[in-house]
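Please read the structure below before turning to the comments.
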């Protein structure tokens, strides 16, 4: 039951970034960043921070907690400047704790610098070792700290060139924002694994992990930052450096399946629509006769609507989430759980009692929640429970910024479909095929499917190193 | 924009109550009450409290804030006993502030007593005056305090009889829980305006404002407490006193329209289903050609699904609510709002752009939110916006536990339908008829429709006294 | 060691009160009360509160904690009015907890009323019983609540007369402040056991437990309120009602010995001077040859200075208190204490090493601290330790507002002087005689000596009732 | 009046350090450090922290606030290890804020390292510049960060040698603690400006700014760390490296005058005794006829006792400090101050009224407090006020870890004695001579007298660079 928080048995996105450049020192810059982070809060709920640059000096406020916990009116008013970057984080390569909250802020030969990063640098450890051999110290366990050190090492080439050089050192995934000199700089890894887009609001330019954050501040979407592109924004406008030779784009497919907000558009694909389509294709691949289709809130709902549309089986709300459960919720004891204390969820009996129910979830990770869901549906009187998953089985870990459990905890890694079905107790179980997933995204390549197929766009450490 | 919180332009429920009786002093009693209040949190978010009786002594913990803010593990462990009552509150007849949080606790001749109340006593002021003339003091401004004083006055008749006598003094609406001697006592007003139901979990009995709270602790629903019924629970089980002559039941219709959780069943009517039906009937009453039906989250969604079902026009998600907005959200300045900073809501463009949109909301109070919604739909490219409301126009204040604005703030009170349509900027606007509402509830009487019709089940003070 | 907080093994004062009357509604009234309570904080550190009257309405803010914890700028700005009363409390007859914090606030037939009380009503229980029989309810366990109920009962006689009548009902000690109608009212019990004085600052009148609080706000001392006097302050100035026939004054002698601040003057006696004199008389009564006199901080210091002055033996600082120890101090474990972890105190070795030391404390209650002090002096190298106490042995409980342990915990109650000396490990031990105490106060009667002699100014319940 | 906090018009010590080495991983290590910091709290009240090493890993908890605010039971239990260093800080060369709290923690080639520092590195800026040119980054503005970078640069020589090399780079004052590998390391600057001493408790070794912290945990004092000495503590015991050629010791004389706790012994001189002697010598240098000697609490009291002893004029308490004033005290408005609201201090009238008063303070910095003190003494009826200062006039800034105001704010910098006397309004004013100060310390050299004489033990930047 403690584990019966719908969010707990999901893959976790690790971060979101948001930055603004303005030609004028602006009262509003930190407020707008604050609203931007609110819109990206789903990408990380453990810690957050904003740093603001005003000429030479950078001010930063960051802490453990949600955006609403960490920032007060006074904090935001203290953060005055013309450039700002913000960050929300689920946790990191480097472990939790206030010291590892981002953005990181440092000074080096060319002045102050701040950096915020979504993604994972797969070779951070060896780069760090190398830097330590030259006498570097590290004050956090965030992989991003190597980037600042690499930049500081090559400062003689100037800020832009030293960033390009630093990025040539590192491998992995990143949507990264930096402030240095009087510039806001954004970089996206050569495969574009993590999303990053560019927007404008009057004279201000914005970089954001997702387009929904542009909407939230009333900014207009210009374009996605391209894989292997560095965007430099300063008083002369927006410039581009292409630091990587042409590589194939490989946007994380889980962004569409679960992470991103449905109202975002990433690399030209509308997230909501891709989920609806996934539901439709799922029906075509795995039809079943039933009386009602329900979705597991919140992210299973669009797929359920799509499944209903394609099949003609009516869609209904089947599960109610208690929206007041917070961080300080005191969990029921084991005893209470056995007696069915279930505060976080409730079945809407009227929609399942005596019915053949199709329940759609966006993914199955460990399977614990799925089992529990089947169980409460049966208790509420469902005659049959048909489980449908709007993505393929998760079989492999992610090395690019997603927190995946060890392989042996992934229910899809070593078990047959029939085994999984039996363990979760459903009458039938079907997943979307990899092909179906690609169809729902409208292209047959351009996506990272590593967690489904084990084939990654960048070479990764062997399992032993995890 | 500050007003563009979807919840802000709604009528506000004033309270929820939850109580448990156990034959044994039970470690769990306060925890179960805590979970029960979590499930009723939608009925009041301003303050909450739990009091527990253990033989003679009553312990109470209450404060301003959500259930998750007010209670810690330590608090709950301190609250040991065999009877417990809890309360969540939006605000009261008596004004906000910690001193007015419920449950109230007192001692009188027959020992300690605690009381929690959802509803409003329309003659509390005159009763209070009378009591003051006999030398009574009042330490809160909660109308419920008169009840305790009335009981204490007639203590010689014993607890049960003195409660009956006290209830004969007061007029209005109440779902009320009391602990006195070794009894848990529930009372529902003679018209049953506010809901109250009885449940059981093993040897324990539960009284709750809504059935969803029974589900949350794994208890089974027994029945609704009847209008004019006092339920007495003690070591001998459950007894009933009928203190009021047979009157017509007049359950608040707004419980079904907006207040209650969709997974509750009140007086035999399933809340979710009544909302689906309201949507269906709304289509039959006011059809319109369009491309898509969207619901205003959260309570407009079932009606939208119903409208879609009846009309065949596809349902889609049109509006995304940011679920992380909390109490401490720092609102955009007027300037920012004019530049369209809109953190709380976002339109799902793909579902409205270039389309004829039907938007369903459960009610219109002041109209400010409706206007704003029409506006952002148009900005997102909707070709037409047809506004449909799944309840009749709110024209009159409520005197029975709902916080309604002054009549001149109610957009439906003095304006014609055409006026309202023009003010909110929709292409067409239609409300559900009172008849349609009754149809959606399955009976043609038995409901309070006061806020729509101005006809109340109990005589009320004239407008001048508000 | 946990018990080795110098304050922990002392008798505890239970409360302090402070009130202001102004002809005009004054921005400053709550601020001045706040400063007054700061100056009286030594009289009670558990909870505090201020209530302010502005015409009809009374606003109150109170909570558990020190004055510095409970009040913020916003709180004080909210408390606007022309009359104010404040309270600090150690704990009460009624037990701790927020609900029992004072001032109490109520409304009754004649409007709102607020009350704050220092002292103890020895017949509160029987009065309460009587009131309950007439149908009264009680919402706190503070004895003061009976006063308000008594006043409300007899409201027909008007506020002033009903207060007089109420005071005739109760027995015990009180320095009491009330606000009702447009009046600030102070009352002191017929024996004047607890102190209360009157001051003025321009047009404003002040009532305070001690004169040091008048100094703190720059007010001038007018006079002590007399035993059995009610002082009524309103727009016409200050009036007096003598509600008790002439009785002997019996000011609590412990106020001079320990409770009161040294810069206060109570009933004509300067507190600091009385302590110096006690030290001088103590020398005359119990001289001893030694090299140095030290005082136990803070209240033993003046007596030590007096002893030094009379004897010619040099005074020196012998014990340093850590002034940063707060509420949240994490105490050493038993193990650590045995290895002499001693954060709260340190001996100033240079002043005791190799010396014959006279140590003066103001009183001995349980003796645990005294033993510990002797021990650390010896460890620091004192050749001899002569313990002198500047008050007589505490042998009996107090019923008038002081928290005394059970008699069998009072080391002086049943043990001979020699026994006590042996238990605390001193070379010699002497107390001030009762006669010496009276001499130090300058009069041979007019003081309550109950805790020393067992003779009380008011008849008290037998020990069995405690 | 806001400035009439006795502590506000004083020079401010900048830091205190405390560290423990144990051969075993010890449950108590963080608790003992916590108690040690409590005993050093007077050396810095703005922020504090503890880091603990357990084999490879270092854990650290630090924040803004007093020791009692920053640490909870849970924090301390999390900090498990066999080596620990702690820090209290007033503020730093680097400015306030959580990021600048100490200890600093980093990893470098040889593992994790933590550092805590009391003092000031006068050439930190140039060293930092040099390091930045080699590609270093800095994440705080604390001068101590250069030390870690210097160590990391020369890691190939091993930890001990690289520390020696780092210390050869820097100039200024420091009592510094480091943890690296399995060692606790302490270093004191070549002039021994800031104090540092070594203690033992069973098998544990302790390094502390002052000996009073050894007393607080029951440890025994072994010796002061010598100027220019590095002490290395590991499983083999205590070793010494002398990294600086023999230089003259120059202990900060203000440690004795004001900063250190009276129960500490620094470099062989007892702090309390030196203050008594300063008072005695002050009388010999500047006698005056009077009726009473009073001391400004807390640090002026021993000098007053000394003055009284030497002169035969009786000592008395003249000024009472309110001991409950905390961080959140709401200051009186300007208007209130003019009407003499004075919560923080009160004169003990009985000791000054009608008397010729000698008031002794330990130092005069800006003179604002002195003026105010003279003023309230006169208001309380003092016939004459003779101001005596138990140290010479402060005329020059400190560059070695003390926060001094700009020279033109130092009342002694440019004004004649007569001018100062007139400005503070005393009848006579005399300071202790530099010679007298040295006599009170028992040696005629070995002390830094920079703030009195402008002659510093280390060359310092010219005034322009401050």
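For reference, chains read A, B, C and D in written order, and residue numbers begin at 1 within each chain.
Rule of thumb we're sticking to: a contact is a pair of C-beta atoms (placed from the backbone, for glycine too) under 8 Å apart; a residue touches a chain by one contact, two chains touch by 3 or more.
Everything quoted here is computed from the prediction, not taken from an experiment.
Under the touch definition stated at the top, chain B and chain C share no contacting partner at all.
The chain with its CA mean position farthest from that of chain B is D.
Work out the mean CA point of chain A and of chain C, and you get 61 Å between them.
Centroids of chain A and chain D (each the mean of its C-alpha atoms) stand 49 Å apart. Between chain A and chain B, the centres computed from C-alpha atoms are 36 Å apart. Across the assembly, chain A contributes no residue in contact with two or more other chains.
Touching chain C in their complex are the following residues of chain B: 60, 99, 104-109, 113, 132-139, 148-149, 152-155. Taken in their complex, chain C has these residues touching chain D: 28, 31-32, 34-35, 38-39, 41-42, 66-69, 71-73, 76, 201-202, 212, 215-218, 261-263, 270, 272-273, 298, 301-302, 305, 309, 314-317, 320, 322-330, 332-333, 335-336, 339-343, 346-351.
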